[in-house]
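Pasting a structure here, questions to come.
Naming follows writing order (A, B, C and D), and every chain is counted from residue 1.
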Amino acid sequence: MPIDTTLIGDMYRRMSIARAIEQIVEKHTRKARISGWWHPGEGQEAVGVGASAALNGEDYLWYQGRGCAWAIGKGMQPGPILGDVLGKVSGATGGKGGGVPHWADYSLGIMGEGATLGSVYPLAAGSAFASKLRKDGRVSLANFGDGTASRGTFHETMVHAATWKLPLIYLCENNELLVGTKLTDVCPTADIADFAKGYGIPGIIVDGQDAVAVYEATLEAAARARAGEGPTLIEAKTTRVQGHYAGDPQNYRAKDALANYRDPLAVLAERMAVDEVETIAAEALALVQAAYEETLAAPPPDHSIIFKDLYYGQ
Amino acid sequence: MANNDKMETMLYNAAMGLGLAEEMRTNPDIFVLGQGVASGGWFGAEKGLADEFGSDRVVDCGICEAFEVGMAAGASVVGMTPVINLGFADFSLIAGDEIYHKLGKWRYMHGLNVPMSAVIILPVGVMGGAGPEHSNSIEVLGMHFPGLKVVVPSNAADAKGLMKAALREPNPVLYHSIQTLSFTRGEVPLDSDYIVEIGKGIVRRPGRDATLLTYGSMVNRSLEAATTLANEGIEVEIIDLRSLVPLDWELILESVNRTHRALVVHEANKTAGPGAEIAAQIQERAFYELETPILRVAGKDVPLPQQNDLEQACIPSVDEIVAAGRHIMSL
Amino acid sequence: MPIDTTLIGDMYRRMSIARAIEQIVEKHTRKARISGWWHPGEGQEAVGVGASAALNGEDYLWYQGRGCAWAIGKGMQPGPILGDVLGKVSGATGGKGGGVPHWADYSLGIMGEGATLGSVYPLAAGSAFASKLRKDGRVSLANFGDGTASRGTFHETMVHAATWKLPLIYLCENNELLVGTKLTDVCPTADIADFAKGYGIPGIIVDGQDAVAVYEATLEAAARARAGEGPTLIEAKTTRVQGHYAGDPQNYRAKDALANYRDPLAVLAERMAVDEVETIAAEALALVQAAYEETLAAPPPDHSIIFKDLYYGQ
Amino acid sequence: MANNDKMETMLYNAAMGLGLAEEMRTNPDIFVLGQGVASGGWFGAEKGLADEFGSDRVVDCGICEAFEVGMAAGASVVGMTPVINLGFADFSLIAGDEIYHKLGKWRYMHGLNVPMSAVIILPVGVMGGAGPEHSNSIEVLGMHFPGLKVVVPSNAADAKGLMKAALREPNPVLYHSIQTLSFTRGEVPLDSDYIVEIGKGIVRRPGRDATLLTYGSMVNRSLEAATTLANEGIEVEIIDLRSLVPLDWELILESVNRTHRALVVHEANKTAGPGAEIAAQIQERAFYELETPILRVAGKDVPLPQQNDLEQACIPSVDEIVAAGRHIMSL
């Protein structure tokens, strides 16, 4: 079944937006201080966008906070994303946010991030459990990095998700690094998909630089989930182009670390007409530039929001 | 529906289960998850629930406390009302990130003001030799970390009324049942709208000489001590706080401003326990009304031994409360 | 290599002692209240005794508290065991203990129990890590139940133990039950050994009713560990004959749950001469009876021990 | 060995690392484990350690906080002195069972009185937008749960001296470094026996009018506030507690009995924070010496927002401390 060209264009558009945000935030943080740290996602955009494209609007996404491809993929606009990064009222959190993202929009199925890594596994199982009870046909996706696959919650959650056949997808972005530590220094396997074996669920490895490959694997996992066949673990092999955080000197990294890097935008562009690629890229840049300017102009939050949302109705 | 005045004598844990069952009948979003809950619960609180509501809504779980609470947080964000019974509050240290970061902070940190209902049952206190990793009263954690409500029923009627209030609350609630009360009986209203409001304490015994603030397992011991003290002419007012978050400051201050003396009694370890906050705040708010220091009668600052006599020696006895009452009147 | 008959006799002796303790405690709890609950280990004695027999005296044992076969297997006398169960000064803890055991004797390599299940995994990795640093040739063994294999610490610890090739043995007693819940209701696999697959370590299933089989598997795992080849997961299939705790009405359990039960003492006795079996059993009974009487006569602890051991030297 | 009087200006985190390195040189049982420690640590505290002591003793770890602390407990029982850096104290909620049950209770519950040395580095406090799950000051937990010692260095010299004391301590120590101080400089004694005794506070500024008890990040702000107040004729005595377990009651009470007024200042959330215990105990022990209520200036009871201005607005500012000083003198 050849993949729809509209879908490819749409994925390219979202990846271009995510990339443009990366670049603008990178530039911004070089001259100005933001609150907290930005964790650049350059090079990994195909994963969030490809996987999100395979989900329905009302499917639940629980992500880990590198870059913004997941939020863009699942339908968030650049405005609320940049608003949080710069700590303005226009942010998704209304201005509480900073470099570690807590973007959420429940109407888009964007459920948010837990900044203690590994916290999204059980949360995603919670929404998956709700879907199973409600028979609403929704799928829940937990996104995480290779380093985060070691967390105990990975195991506790999958034990139950596999037993109960929850409509859950584990989607790992394996960039072979956790901050400055090499995955294989702290993990017995280079393939996170190996962990699927213990639970008797499929463990699929895909090319994380290819949005189409990620899309297809996710679509299949979502179909399994909706059919009541339970969870799937997808591992997307990918590359972290930048440092762990914007400004990271990366002394720990080999000079030729990016020798085999393939830009996911270039990989997807191969499937598209040249002028389409250029138009989409230009539009994305303009969109993000406009959102950035609006964000700069937006006011910082009033101190009164310090107590907002602590309790319901507050 | 409501059988307004009827009462029935039942076990504390059965009353907790009754509150749960009544709410489950009208709210299909409630589900119960925990180790052993499908066969009625380790201590009987979930008896009959699986039969009535099916194994989809009353679900056994593996030995995975972090998972249990984390999945509750996720389910709560999408509009369910999960009820998790962790069996022993001590096990909640395994789920600290899920309780105090996820449940307590998810709404705040994402800035989306939606209801998040979840009831985490964390049974506290000694129960006859369960040991240092099963017997602690750690309710102070829910006071220090923001975003949660904390209730502690001291009798069967409150066990029902606070459970129902917790299930209707749009914020996560830590529900500390009392292990030693599990199999004690009390009169429980059958009214299916019987609610004990979260944040309201109650005077269990009026008194003019001193205010004794307590909750949970120490309410009965304090009442017993008050009887002894009354024989000596010392009239202690006993307030059962019922909720630790929020605390009923109106009630506390009205009483202390009248009696000019305050004691806090709890089973939790003394140092940095709930009594520390209560005492600190009373002296902040009513310093010039106080005639004596605020006294704390609390658990000894040790991991609990298992041996029954030693264990009892680690938590406040009626005699110690009586002695504190005498002492405060002698100052 | 046929197994040494002295060793068989010794294992039978220890299993008989453990069984005699089971019976005496069972009888005691029927008429008297003890502190906490006794978790009977009847039927599972071959595991603790068989595995301990394969360890050296100075190897480290971290156990889970069902029955007392591990403590007996590793060299503890009935006195300190019964002393704790009955809360007397003669107990291993000096009288702080009760039904949930915290027997330890560091000179015997008996390191103790964590009553929050799953806590022994990282602790055992800690002693294994120490052995690796010190090159002392010791092995650390973490014992646990099938239900406890779901705990996050199982995963976090094995990820590191497998990567670092720690001298660690995971030894699971699979009695297919956690309290009243069937393992397969909360676990995607009936074989805990399956979890080994994710870590690339051996996952061995043995007959837990046969002390010799447990002994041999443990011996091999210990040899691997000492040779620097890393951890092994051994799953011993066994049977919990009694309730979860002494007095458990076990309403949750099928009437014929024990239909296929094989008594580990009988299994081992098949390899022995009849009169040897009888002599050993009688001696064990007498030993335990005498220890029980001494325990009954021992005083309860003085309240001054409430603050003992809180800080070092206190 | 000891270069007794020499001092060097260095970063707070480097001083912590120096204390560690010096002890590692003489004690082969010390090893360091944590995420990123092998390449010098996320915040530089372990810089150079892997080069000097090898990757056997300075070991990177996966994202497994429960494992890290649990393995430290196990290693400690067999006589090692593990040093675990969890990076952010907030992550310790993932290892709650391992810290408060295993490390704090293992010796007690097994009744074997052996040394158990372990240093768990739990950096606390805001550091510029790290957010609600990275920025909290949760040191009160170490006060409530028994069996641990708790230290909080407020400057580079103490960072070294308390680290060395912690490494020589036969009980597990929670070592709360201060995130905002990580890259500030201070004079540090090069003496390889420079120890800051656990359990001893210090008067940072003498004063006659009120006693201000503080520690960690709030020491500098309190000193600044004291200067302003001094200009107004208010002489506040500033005590840096340095250790929260044990607290230096001799020092605290001597001062309060002299000034008759006390304030507690900390960054941790106010409710049920360390200040609650300190205030509760001061009024218990010195009630009749007090002329005013004990005031607490502390963090707001919210999860911390990330935005820098909001974050700063959640913790005590110099102005707030000054205001509290004026207020207590006006009572």
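The rule is simple: contacts are C-beta pairs under 8 Å (C-beta built on N, C-alpha and C of every residue); 3 or more make two chains touch, one makes a residue touch a chain.
These numbers were taken from a predicted model, which means no experiment stands behind them.
C-beta contact counts were set side by side for A-B and A-D; A-B has more.
Chain centres here are C-alpha means, and the one lying farthest from subunit D is C. A straight line joining the Cα centres of subunit A and subunit C is 45 Å long. For this pair, subunit C with subunit D, the centres built from the Cα atoms lie 40 Å apart. With centres defined as mean CA coordinates, subunit D is found 36 Å away from subunit A. Counting partner chains per residue, subunit B shows two or more touched chains at residues 61-62, 64, 66-67, 90-91, 93-94, 97, 101, 108-109, 131-133, 146-147, 302-303. Those residues of subunit A in touch with two or more other chains are numbered 95-97, 102, 114-116, 150-153, 156, 159-160, 185-187, 305, 310. If you check the complex, the residues on subunit D that touch subunit B are 66, 90-94, 96-97, 100-101, 104-105, 108-109, 131-133, 138, 140-141, 143-147, 269, 271-277, 279-281, 283-284, 287, 290, 292-296, 301-303.
Those residues of subunit B whose C-beta lies close enough to touch subunit A in the complex are 31, 56-57, 61-62, 64, 66-80, 82, 97-98, 101-102, 106-116, 146-147, 170-171.
Interface of subunit C with subunit D (complex): residues 60, 62, 91-97, 102-106, 111-112, 114-116, 119, 121-127, 129-130, 132-133, 140, 152-153, 156-157, 159-160, 305, 308-314. Those residues of subunit A lying in contact with subunit D across their complex are 33-37, 87, 95-100, 102, 114-118, 147-148, 150-152, 178-181, 185-187, 251-252, 300-301, 303, 305-307, 310.
Looking at the complex, you find that subunit A touches subunit C at residues 150-156, 159-160, 162-163, 184-189, 194-201.
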